[in-house]
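Consider the two complexes below, in which chain A is the common component and chain B and chain C are the respective partners.
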Partner chain A sequence: MTAVTMDGVSRWFGNVVAVNDVTMTLEPGVTGLLGPNGAGKTTLLHMMAGFLSPSRGTVMVGDQPAWRNPAVYRHLGLVSEREAVHGFLTAGEFVLASARLHKLADPAAAAAAALDLVEMTEFKDRRIDTYSKGMRQRTRVAASLVHNPQVLLLDEPFNGMDPRQRMHMMELLHRLGGEGRTILFSSHILEEVEQLSGTVQVMVSGRLAASGDYREIRRLMSNRPHVFAVSSTDDRRLAVALMAQPSVAGVELAPTGLTVRASDYGGFTRSLPKIALKEGIRVSRLTPSDESLESVFSYLVEA
Partner chain B sequence: MRGPPRLRAVTLIATQSLTKVYGGRVTALSDLTLSVGPGVVGLVGANGAGKSTLIKLLLGLIPPSGGSLSVLGLDPTTQAADVRARVGYMPENDCLPPELSAAEFVTHLGRISGLPRTAARERASEALRHVGLYEERYRQIGGYSTGMKQRVKLAQALVHDPDLLLLDEPTNGLDPAGRDAMLNLIARIGSEFGISVVVCSHLLGEVERICNSLIAIDGGKLLRSAEISTMTTSTDVLAVEVSEGTDELGHRLAAAGLPPTREGRLLLVPLGSAPDAAYDTILAAVADLDLPLHRLEQRRHRVAELFAAREDA
Partner chain C sequence: MPINTTIAWMTARGLFGRRRFLLLLPLPVLLVALAVFARVTGINSGDWAQPVVNGLGFAVLLPVIALIVGTGVLGSEIDDGTIVHILTKPLSRAEIVWAKFLVASGVTALTAAIPLYVVGVLVESVRFGLGLAAAAAIGAVVYSAVFLLLSLLSRRPVLVGLLYVLIWEGLLGNLVSGTRVLSVEQYTLTYADKIAPTEYLTGNVSLTVSIIMSVIITVVCLGYAVLRLRSFTAASETS
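Presenting the complex of A and B:
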């Protein structure tokens, strides 16, 4: 179980502060790294991978520093954003070369296992330049997994993939995370992050704006009422009953249903079923309107 | 932005047994027959399914190997210039000259479309304003962010006031705020300007959000062509989510004769023959266990199922 920890890490390029005083711990499992363009995500990943020195603070992979320490690469794999693979090699040759570079005891077996993990065994003898984008991406993941690292960092792994390839990649990352590896991936597609992992690290202009499960992050924004859409057999009577609740800040009645703004999340969600039962109203729909990662993210970025 | 009302073709794009074979060996499209009506249409398919080939054929850039096609009632193989006069195209790749300003570039493309110099300049500035580029339009494109470059590409597709827009991966490389802005813009072009739009995208959630209908192609063949609303109909499965005590609720529902299946945080309850009673049972169980009810809604079909189902097959 290897965790990645950053303690008070800053990185500046001349006058530009790319990463500003970030402290975070990555636990085993899948974590999404989010942020607008230019928020410092790639800089952060590169510091974790030992490509950049932190201007201040320390980055540790397990109990070892990431910077100037080639030994971390025994436990760490990186899939960079830029796609640089040799088209004239086959996937088998490419992954075997990575295995040899790591001086593994049995490079052929390690390469075969890694290719098997990403489901590329079938195609391993074809040249990489005949592959689709998703196959190339999986080959690169295999190459970075060949030494069985506990930590895997991926920069925009879904870029350019089609729906089926995305599903494949998500399943793969999910499985790797389930095996107890620490996996961090950056992405702009919030829907996918939501499907893959509830745990996020959100960067906004170089700072760590939030970290943890996005649903819990949402609960912490107590100054924003939680908005729910509700439909029932008698919307008007339900609206009256809900208005009497201290946990409800406002109710709007529309032909399509109610919009309820709850100031106290726990209070409202516990009392709604009881109120409906007491009033004899059947609730046919309760949908949280601003609980998605998308809305949590936009609240964080605009704040 | 629009002139006097014009007659609009009901069928924007129609193909009949359209086939394209490259070099006599690689079949990119085979026997594709489809018709596209007005509105915002999503074009989806795996990499290599033939989307780019279809766009090139529609623009009259390459001739088909077999079959026929028409765009706005014109045949791109013989009337390519007429088609391009009425179609705006936003390519996927980065193709902007870095040393020009957006205003110069879009004006130039307006002139290529046949607009006189002054009209081109006016139209360019209008198109750039529509996509949300203001003072920046006099700066060199080389210094633009990805989001601004995508906007310039969209503006040049709009400059000659087309009837149809072909957008290839318009949200590629954009961050969440940029994506959101671009999607709103496309939806507005469809609804307010009355320009029909064909959007190629890999992000099915995006397609669900802005498109009225969808065309899915796979391996050069038509996989599905349908209204989005028919693909996102509700199912007879109820999704229940509680913020805590999911297992407890699961056991309780199973005991009450509604055995749920667990999917992440959700409990999926089949509505069965007595849907009203099922709602009551769930509500009573949640109230009795004193659990916070987060979500209770009928599941909807997702466009993504189109691809998931095929993977199993």
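Presenting the complex of A and C:
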């Protein structure tokens, strides 16, 4: 069974440490690599895919080093973040060329099977530059899967996809993971892993901050207090009414409006309109103020 | 060494599929147009052959075409990131470099040799035309190796290549005789002169030096290109 292992891996660029002493093993199934932008996810993926040498430590695909070793690509597929495709080719030509470059015994059959897997068979004779983002992404996945690799690495595969395309791609990844492949995808958006039923590795500032079951991390996410900024026609009266709610942990009154700390995201957002209606108060502003990724991730790290 | 036809096919399609390809057209057209004009107006060959063949053909057309093609076969794929598709295959890096080099040499040789052959015929004879075409083809091979390597060494291979062609070959090659030993243009002139001797062209470098240097430059550039490609590092802006 081919697994990807990183042992004490660091990578620095000049004075900047991009990845700091990461040790992890990827098992078969779907793994999400999460972290805010600049956390070192891409650097990590590039090292796994043999496009960057580790400054320290070892990166192995199966029992072979990833760096300077084209042989690992027999077992590994990569879907890079940069949406680089030969737009002048059709999906059929592109995937077939990949199969030929892998020197497969029957490239045509392998290409057809890969296109079928990502449900692109019907569009395979159209030029890639006429495709939607999601179709292009699926074509690239097909090209990376054409040699039936044990390991598939995807860098931000959901970037720029609409929710439907995202769901489609997630289903595909699950199917592949269910077949016993090792699938790793990176993402900086927590919501993207909602349907994830595997393990999650969280990177923050180059370090592996958390790793484990997605449900555990989801629970931590939904239990964290949410901070909202609220303005209304009568802030003081609204504050009193809000304090009576079990979903509200605290309210701060300021001349510019209210700062509400909610312990239950759903409970609070559902009860606010009801209260406002009952009290005859008009709410003119409701903005979540701590939704920046950094705050979410740092919360995860502290927990 | 066999050629990987899939890489060659994709490289050729990439080359002709980009608008940059149109840049290859004006120079050959200009060269032939000048020769036709001179011939039609009956100007004495001795007056125009040297500036057209040497000044435009070998000093500008051949290196510029080689630069556009040589940096296009690999450099443009590095630029737009499509190189990753070829690199994530279990192929020896030599196989990749070799296929790209052959495509670059072939396209450059054809694009430069055909107009030079036409010009040679207009200047003097078919033999002179064939001599120019053969010299251009050999020059195309050496230039292609140089510019292919350049696209792996620099993020701005076209700029660096132009500096080499204009400053080193164009300016210094005429002023400082020592630089001629390291000038592909000079080897090409020597080949043309030896294959079809005329009064129009004179080689400044001996044939032996030209052959030895051509081989060394080609082999060293290709070998180093393979090494560079083996350690190809993806640019990670987001890191």
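In this section, the second predicted complex is superposed on the first by the 214 of 303 C-alpha atoms of A that agree within 3 Å, B and C clash if a C-alpha of one lies under 4 Å from a C-alpha of the other, contacts with A are read in each partner's own complex, and residues count from 1 in each chain.
By definition in this document, contacts are C-beta pairs under 8 Å (C-beta built on N, C-alpha and C of every residue); 3 or more make two chains touch, one makes a residue touch a chain.
Since this is a predicted model, take the numbers as computed values, not measurements.
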item: Touched partner set for A:A113, first chain B, second chain C, both or neither; value: neither
item: Touching partner for A:L286 - first (chain B), second (chain C), both, neither; value: first
item: First, second, both or neither for A:L104, with chain B first and chain C second; value: neither
item: Touched partner set for A:N37, first chain B, second chain C, both or neither; value: both
item: First, second, both or neither for A:V17, with chain B first and chain C second; value: neither
item: Chain B versus chain C as contact partner of A:H86, first or second or both or neither; value: second
item: A:A249 touches, of chain B and chain C: first, second, both or neither?; value: neither
item: Touching partner for A:R270 - first (chain B), second (chain C), both, neither; value: first
item: Touched partner set for A:A3, first chain B, second chain C, both or neither; value: neither
item: Set of chain A residues, in rising order, touched by both chain B and chain C; value: 37-38
item: Chain A contact footprint on chain C (complex, rising order); value: 4, 6-7, 9-10, 13-14, 17, 80-82, 84-93, 230-234, 236, 238-239
item: Chain C-touching residues of chain A, taken from the complex the two chains share; value: 13, 16, 18, 37-38, 40-43, 46, 49, 51-53, 68, 70-74, 76-78, 80-82, 84-86, 88-89, 97-98, 100-103, 143-144
item: Interface residues, chain B side, partner chain A - complex; value: 44-49, 145-147, 172-180, 202-205, 243, 276, 279-280, 283-284, 286-287, 290-298, 304, 307-308, 310-311
item: For the chain A and chain B complex, residues of the former touching the latter; value: 34-38, 132-134, 159-167, 188-191, 215, 265-266, 269-270, 272-274, 276-277, 282-288, 291, 294, 297-298, 301
